[in-house]
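Below, subunit A partners subunit B and then partners subunit C, in two separate complexes.
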Partner chain A sequence: MQEPLLVIENLQTAISSPRGLMPVIDRLNLTLEAGETLGLIGESGSGKTMTGMAIMDLLPKPQVQITGGRLIFQGQDLLRLTPRERQRLRGARISMIFQDPMASLSPFYTIGSQIAEAIHVHQYLGHRETRRRVCELLDDVGITEPERRMRLFPHQMSGGMRQRVMIAMALAHEPDLLIADEPTTALDVTIQDQILKLLAQKLAVRPTMSLLLVSHNWGVIAALCQRVAVMYAGRLVEEGRLDKLSSAPAHPYTQGLLDSIPDWDHPTAGLLPSLPGQAPALSATRRTRCDFLDRCSARISRCHTEAVPWHSLPEGHGVRCHLQALSGSLSQQEGFGP
Partner chain B sequence: MLKRRLFFSAPSPDSTSWQDLSSPSFSMRIFHALKSRPSNSIAAIYLLVLAALCFSSGLFVPYAWDEIHFVSEATGPSWQHWFGIDDLGRDLFSRVLYGGRISLSVGLMSTSVSVLIGISYGAIAGYFGGTIDRWMMRLVDVLYCLPYYFVIVLVMVLFSIDSLYLLFVVLALFQWLGMARIIRGQVLSLKEQEFVLALRGMGASHARIVFRHMVPNTLGIASVYATLMVPGVMMQEAFLSFIGIPFTVLGTDGVHKPVASWGSLLSEGARYFDTAPWLLIFPAFFFSTTLLAIHFLGDGLRDALDPSLKV
Partner chain C sequence: MKPALLTVEDLHLSFPLARGRRIRPLDGLSFHLARGEILGIAGESGCGKSTLARALMGFYRPERGHIRIDGQERSGLKGKDLLHWQRKMQMVFQDPLTSLDPRQTIGDALMEPMDIHGLHAHREARRQQCRSLLQAVGLPASALERLPRQFSGGQLQRIGIARALSLEPEILIADEAVSALDVSIQAQIINLFRELRERMGLSIIFISHDLAVLRTLCDRMAVMQAGQFVEMRSTEELCRDPQHPYTRQLIAAIPRLRQRRQPSSPSTSHP
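Moving on, here comes the complex of A and B:
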């Protein structure tokens, strides 16, 4: 079998604060095959964006540190590379699309010259050739009349257009791994749909390109991803195929996430269910008990005392929950209520 | 009904002229700023004419700035010598134009050098932040504290150089400090914007981000500050000349002579003000009107380039 494109092994990160290092991501393990699309879902502060940033080497340096683990991309450990070598990978082999297309383009240059810059950072092309390539890239992301639009400044474009430009820049060097960090959060719903379709189309055109999609929106992930990894409080709580996870979630948190999505076919009476409480605050020491304990409706006595191991299930499915040791699958249990 | 018609009659993107949509370039904004107020355009024209006269004066003035006419004493304006003759028998008209050349060059040269240093230094300090920033800005603070008129005199004594080029350098060495502070402050806020992260994400180096993205974004403020720096430098040169620090240049006859800048002309004029007032009046008039014009220009630029001040 071909080696995976990206292996995240026991990745640990910490924020340095006056009270010492506060661990954020705790022993994260993920594997991304070439051509695979993986969705990373979780609420704010769960460490999903930080994972993307760690792969890109864009973590704000003194404040956030990688304290352990390996990031193996195409067989080499990214964390052993020099900053120079990481820079050479960025934008060429690994690209990233950011959340806010309004702020991600420099206000001072036309979008044409910014795309040209994205090309020139890694590859020198002559003036004429650059121009042709910029037009081609703009055309590829569905911007009509590229010859004229490349002369526009970012503030003259709509959010959707700008996100298209960002995608064009990210794809300029045909990367092997595309990290999309909430690519649609800042856009309105109709534009979100267009951008997701555009990404899906780009993925279809280049079957070897992998996508790591970071989002808190199940719908966005479901539109693009084959596999989903659910993060909670810096840990992976469940991972598996999208269809498996959405039909038979094994972790109460995943279940809670799915329950809070409105279902038009079977509307719930009254309020939409939501998870009570908040994710635990950062602390200098990790507790041994389950992170999700306080919000979990299915907790049992050992959740309070024992660290939760990772349970591997068939078909690449895995979950971090004590209930898994008790029964095969949670979906077989009758309900989740207390 | 009316509403609907209004809605549909809104111009479609295709019918809009793309020229109208594209924002005015940096130079166009400056041009409009100068045109928008009469005081600005008058100032700009005055400066251009004066600079042209000063820098081409060698071509048309009948006498060299250091040529001595043997007359018994300083004489007032006449048809032969428009601005009169100074105590050593030199034509004041030639000297004023020549002095303008020196003063304007001092202002422009020192300003450009200090703009170059100040922008790069400030942008680097602001962008990298942390320890680099702390040490770089402490150096600026230390230099700020030096009483630099004394430093200039000291440098001249130590190296026994009195060349005008030294003046360019020394003035610039102290002028860039303010520029560095302003640019650093700008870059500090600019680098937090997401496009910097996006640039890092596409593999841009720090150098590229600093010099292609941070620096151009601060040019508006830098150009205003630089314009206001020119008269400051000219004043300092005038002050140094006035207190009698002898900067020399190569004269037309190949001998090093005390420079005839506006500052030194003022200094000489002040000495003979009771007997030959024209020696003070003519240089003072050109010096002060030039400073005034540059200040007008600076204010105009600030209005044009700083959106927060727009009325």
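Moving on, here comes the complex of A and C:
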């Protein structure tokens, strides 16, 4: 079997605060095969964005630190590389698109010169050749009249156009891994639809490129991803094929999350089923109980006292919940990570 | 049909642009809001939906048109009469943190509107009113002494709603009031709006870009484009059989989750 493109192994991060290091991501394990599309879903503070930033080496140091684990990309541990070696990967083999393109683009330079800069970081091209490449990249993301458009400044473009520019930059070196962090959250629905279609088309053209899509929106993830991982309070709570996981979620949090979204196709009559309370605040102490306990309607006594192991279910489905041990059959294995 | 509480007739508003041109965010809007009704306004950024909210609240002065509550026109009112008119319609904003003063306790934030409008003259009566407001939005009375930064996004939005309710309005205008919230919290706040309508008979104008949210919450929906309503019908009709091409386009663009578990038991059923 081919080796996975990216293996996240027991990744741990912490934020330094006046009260000491506060763990955020707690022993995260995820695998991404070449050509696979994985959605990472969770609410604010769940650690999903931080996961993307850790892979890109964009965590704001020293406020946020990686305190443990390994990030194995194409067989090498990213955390053992020098900053220079990381830079050679960043934007070339691993690229990222962010939520707000206005914040990612400089207001002082034309978009053409910013795309040229992204090219030159990893590849020397002459003036004429660079120009040709910039036009080609803009054309590839559906920007018409690239010769004229490359002379525009970011503020002269619409939000959707700016996001297309960001995608052009991210794909300039044909990366093996594309990380998209809420790429359409700031856009209107019709523009969101266009950007999702553009990304889907790019993935179809390059079947070896993998996508890690960070989002809070199930619909957006469904538009692009085959597999989905659900994070809660810095931990992976459920993972599996999107169709399986959305139709038969095993974790009470995933169930509650799915139920509480207003659904266009099946509107709820009456009150929406909602999860009570809110996610736990960061805390310096190690947790020996389930993080979801206070909001869970299915909790049992051992949820209060025992750390929750990872339960593997058939077909790559997995869940971190004590209830699985009760309902689970003998074929399931128990362990602390997939 | 229930009598209209709010009627808006032929509302026009424009702002000047460079070189003598003008932009028209409100271009002849007419609608009414019945007592106890939730009217949803959908549209994309720049369509004028927030400008409409602000014009209704009186932050902008419309060039033409009428805004009436219970038949009483806003323009021409002054002093006490204007205050009294304004009391009837209050607004909930998208980001509760930026709409609260970071150095003001929640109690003071809730009492400030009462001060301006001279309600509950006695201090103890005011505090009592604050406590019942907090209770109405599901927060403990201990919140009164605390500062905005000590609350989460969902709790702050509850405070934003409590503040809007502090003048005992008849109409609430909610401008993207759940858009900044996490999904699980968003459902709580949507439910809160619904409960407030049931309990207090509030009428609500709920502005959102999220059609699915509007479909869950609203009795009637209007779709806005370039300062005009292109379609306005009962939610049920509009969603089942959209007539205007723009409405269809918006609905087609909603990213959908095809296979989805159906909630086993909705917590409460709606009459």
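One rule holds for everything that comes next: the second predicted complex is superposed on the first by the 324 of 338 C-alpha atoms of A that agree within 3 Å, B and C clash if a C-alpha of one lies under 4 Å from a C-alpha of the other, contacts with A are read in each partner's own complex, and residues count from 1 in each chain.
The definition used in the following text is that a contact is a pair of C-beta atoms (placed from the backbone, for glycine too) under 8 Å apart; a residue touches a chain by one contact, two chains touch by 3 or more.
In this text the structure is predicted, and so the values were computed from the model without any measurement.
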Combined model on subunit A: subunit C and subunit B, fit or clash: fit
Which superposed partner A:Phe153 touches (first subunit B, second subunit C, both, neither): first
Partner chain(s) touched by A:Ala170 [first = subunit B, second = subunit C, both, neither]: first
First (subunit B), second (subunit C), both or neither touched by A:Leu79: neither
Subunit B versus subunit C as contact partner of A:Ser260, first or second or both or neither: second
Residue contacts on subunit A - larger count, subunit B or subunit C: C
Inter-chain angle, subunit B to subunit C through the CA centre of subunit A, in degrees rounded to a multiple of 10: 80
Touching partner for A:Asp193 - first (subunit B), second (subunit C), both, neither: second
Which superposed partner A:Leu275 touches (first subunit B, second subunit C, both, neither): second
First, second, both or neither for A:Leu293, with subunit B first and subunit C second: neither
Smallest distance from any CA atom of subunit C to any CA atom of subunit B, in Å, after fitting: 7
Overlap of the subunit B and subunit C footprints on subunit A, listed as residue numbers: none
Subunit A-facing residues of subunit B, complex: 18, 21-23, 130, 193-195, 197-205, 208, 212-213, 216-217
Subunit A residues within the subunit C interface of the complex: 43-44, 159, 188-190, 192-193, 196, 216-220, 222-223, 242-243, 246-249, 255-276, 278
For the subunit A and subunit B complex, residues of the former touching the latter: 56, 58, 62, 87-92, 95-96, 98-100, 103-108, 117-118, 121-122, 148, 151-153, 155-156, 166, 169-170, 172
Sites on subunit C touched by subunit A in the complex: 44-45, 152-155, 182-188, 190-191, 194-195, 209-213, 215-217, 239, 249-263, 265-270
